[in-house]
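A, B and C label the chains in the order they appear, each numbered from 1.
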């Protein structure tokens, strides 16, 4: 039995940790990098928007073109999003509740818009529905133009945001398994009832996040819409298009003010995502199959 | 105080006696180990026996340097080793899940400790190959060097983990529930294997188990633990004949 | 027994409807448009596509887009892994804020990012003026494009690597330490190889995104042909000139090169996964 019992040695470090100096250096690099690359541009948006004071910024959003741009953007997102959400749910249902050949191929197709440049997406739509094409020419003659009109913008937006909802839902639904749906089946529930009373409640947070992301992207889509819309002020100029036009006309405050609105939307989306991740981490743990 | 390591040749290295001096460990407000003391003679095969939550794994990890005690000292051959890092302790550790490196072959796993040494003390490529081959023979799996852990059975992985720990010429061997994840038949074979390896290498070996048959059959010395305290220390026959506390008595009759 | 049916029989309802909706939407929104592009290319024939693409200006634009995207993706590979490690393994004030910030390039509209980056890196901007002090111009040069592409691809590597880091068993790191390896060796030989497949996936995603990026880049790029003109911009210019054939040719060239790159990366991934010996 010894008299002296020793306390922890000064250089106390677990086997799975880096030395403190290394840790803080890495943290510093990460923070600096993110700050310079990501946070600085965000701050710049607001700084530039408020360069002439808040009143000027708000006033610039009040004119007719700005208002119609906002309205157009909201409408396009309002149409594209539910459609993509519905097809996302359908795709997730087909993929996660059934086993069939060619599943990987289907998933690759759904992911396709991610690997295609938005400009190329717009190009494809122009080739398909433009006045020169067969389909397009006929539609224009009927008085339903697609390119340089609202339908084209909606289609372009849908193309670009197509995978979002499905991609959010599929991993969650795979993790949750089919047992609950099968149980409902044995209890006599039909397909729609199962969907609405069993599946959707279980995936509601993932669905919400997928929809939010889809929405943010839909409202912010630029490249595809730039090609397809014709940039007609007051008619086919969405918010991002308007931002470009204002910027090119050196109307900096107006451009950045509108940009700030979209940036705020992005921040809200991220905030909601963080909150949802908290919430649905719990829920995911609760619905996790042992 | 730094410990001078004697030079080691071959697997029959010098081993050491271990003293645990009033070691206690708290995680927050929970005491995983109340102050415990234990002397392990050089070359002994010791079992830390007890149910889950008894603190046996914590004690093992403290020996290996993977946990630091809240109070107390660990002594290797009489010198205070409490401040030694994991790397400095030269304690071969076999984990419950084996923790094999799944992106490396069996050969690379076993050679890992030798290759990780600084250039000055690193054996040549040929020497490493020689040692790995010898170890593969020792664990009776001479042909699996090129396979990946995912291609091995549980029993094979356990033996590879053992060989990997032995490759660094450790001064002691620590095993955490080495047979826990295996079925009964494989367990019996491997028990025998562990005994043989211990006798061949003469290393001080400490293993953790909740299986009393295992402890009684294999160990020279059994340490029965419960709730962070040592209930009894002794040779297997002694403990069976003269259980000192109610806990030990109940634990052994089950 | 191999099942030769297309679909395993299942009592679960709704296969027909859900597949029907999925395939209809997929075809209409995605496949048909891409099909139109490919059909156009087929109508030309590869020889004609080649002829249109094979101009100095087009090659310069393609080369610029792919080269700068590659560098940006490489930067994001290194920084992304570092970031993922810091976010998963370390606790420090502001960590959750930082974690949320990683998604910003994903959520922020590209045009907004484009003008913001330009404002920052223009010679009179906050960062641009600092650079000017060193004699370096960022906005309207290839350096500016690079920074914009880094911004755009930033989240991809981090987000794909984070879950993998979370799943690394601590025991494997402890085992490495008990075998005598110091921390750097453990990181290099044990942890990094486990992260590589996910990191490569993220790299591929960042690369694909950067190559096609338009909105974030055109404001800061300068858009001078042969110098700072990216491929997507060239497509837009051709469309404005009503040169649909030219635009289509460049579009197809981009698709082909992207496809080849992604295929190569996928093959590397399959090879590396095989080495890790996943069952």
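Just so it is clear, a contact is a pair of C-beta atoms (placed from the backbone, for glycine too) under 8 Å apart; a residue touches a chain by one contact, two chains touch by 3 or more.
Just so it is clear, the model here is predicted, and its values are computed rather than measured.
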(message) Quick check on the contact network: minimum steps from subunit A to subunit C?
(response) 1
(message) Ranking chain pairs by how many C-beta pairs touch, which one is first?
(response) A-C
(request) When you average C-alpha coordinates per chain, which one falls nearest the overall C-alpha average? Tell me, please. (result) C
(request) Could you pull out the chain whose C-alpha mean position is farthest off from that of subunit C? (result) B
(request) For subunit A and subunit C, let me know how many angstrom lie between their CA-based centres, rounded off. (result) 16
(message) Centroid from C-alpha atoms only, then distance subunit B to subunit C, rounded to Å. What do you get?
(response) 47
(request) For subunit A and subunit B, let me know how many angstrom lie between their CA-based centres, rounded off. (result) 52
(message) Two-or-more-chain contact residues of subunit A, please, as numbers and ranges.
(response) 15
(message) By the touch rule stated above, which residues of subunit B touch at least two different other chains?
(response) 65-66, 86
(message) Quick check: what residues of subunit C touch more than one other chain, meaning two or more?
(response) 174, 177-178
(message) Applying the document's contact rule, which stretches of subunit A touch subunit B when the two form their complex?
(response) 1-2, 5-9, 11-15
(request) Within their complex, state which residues of subunit A touch subunit C. (result) 15-19, 22-23, 26-27, 29-31, 33-34, 36-42, 44-45, 48, 83, 86-87, 90-91, 93-94, 97-102, 106, 109-110, 112-121, 123-128, 130, 132-133, 155, 158-159, 162, 178, 181-182, 185, 190-191, 194-195, 213, 216-217, 219-223, 226-227, 239-241, 243-244, 247, 255-256, 259, 262-263, 266, 269-271, 273-274
(request) Could you pull out which subunit C residues touch subunit A in their complex? (result) 6-8, 10-15, 17-19, 21-22, 25-26, 29-34, 36-37, 40, 79, 82-83, 85-87, 90, 92, 94, 96, 98-117, 119-120, 125-127, 147, 150-151, 154, 170, 173-174, 177-178, 183, 187, 205, 208-209, 211-215, 219, 232-233, 235-236, 239, 244, 247-248, 251, 254-255, 258, 262
(message) Taking the touch rule as given, give the residues of subunit C at its contact with subunit B in the complex, in rising order.
(response) 169, 171-172, 174-182, 185, 189-190, 193-194, 275-279
(message) Which residues of subunit B touch subunit A once you look at their complex with the stated criterion?
(response) 21-22, 37, 65-66, 68-73, 80, 82-83, 85-86
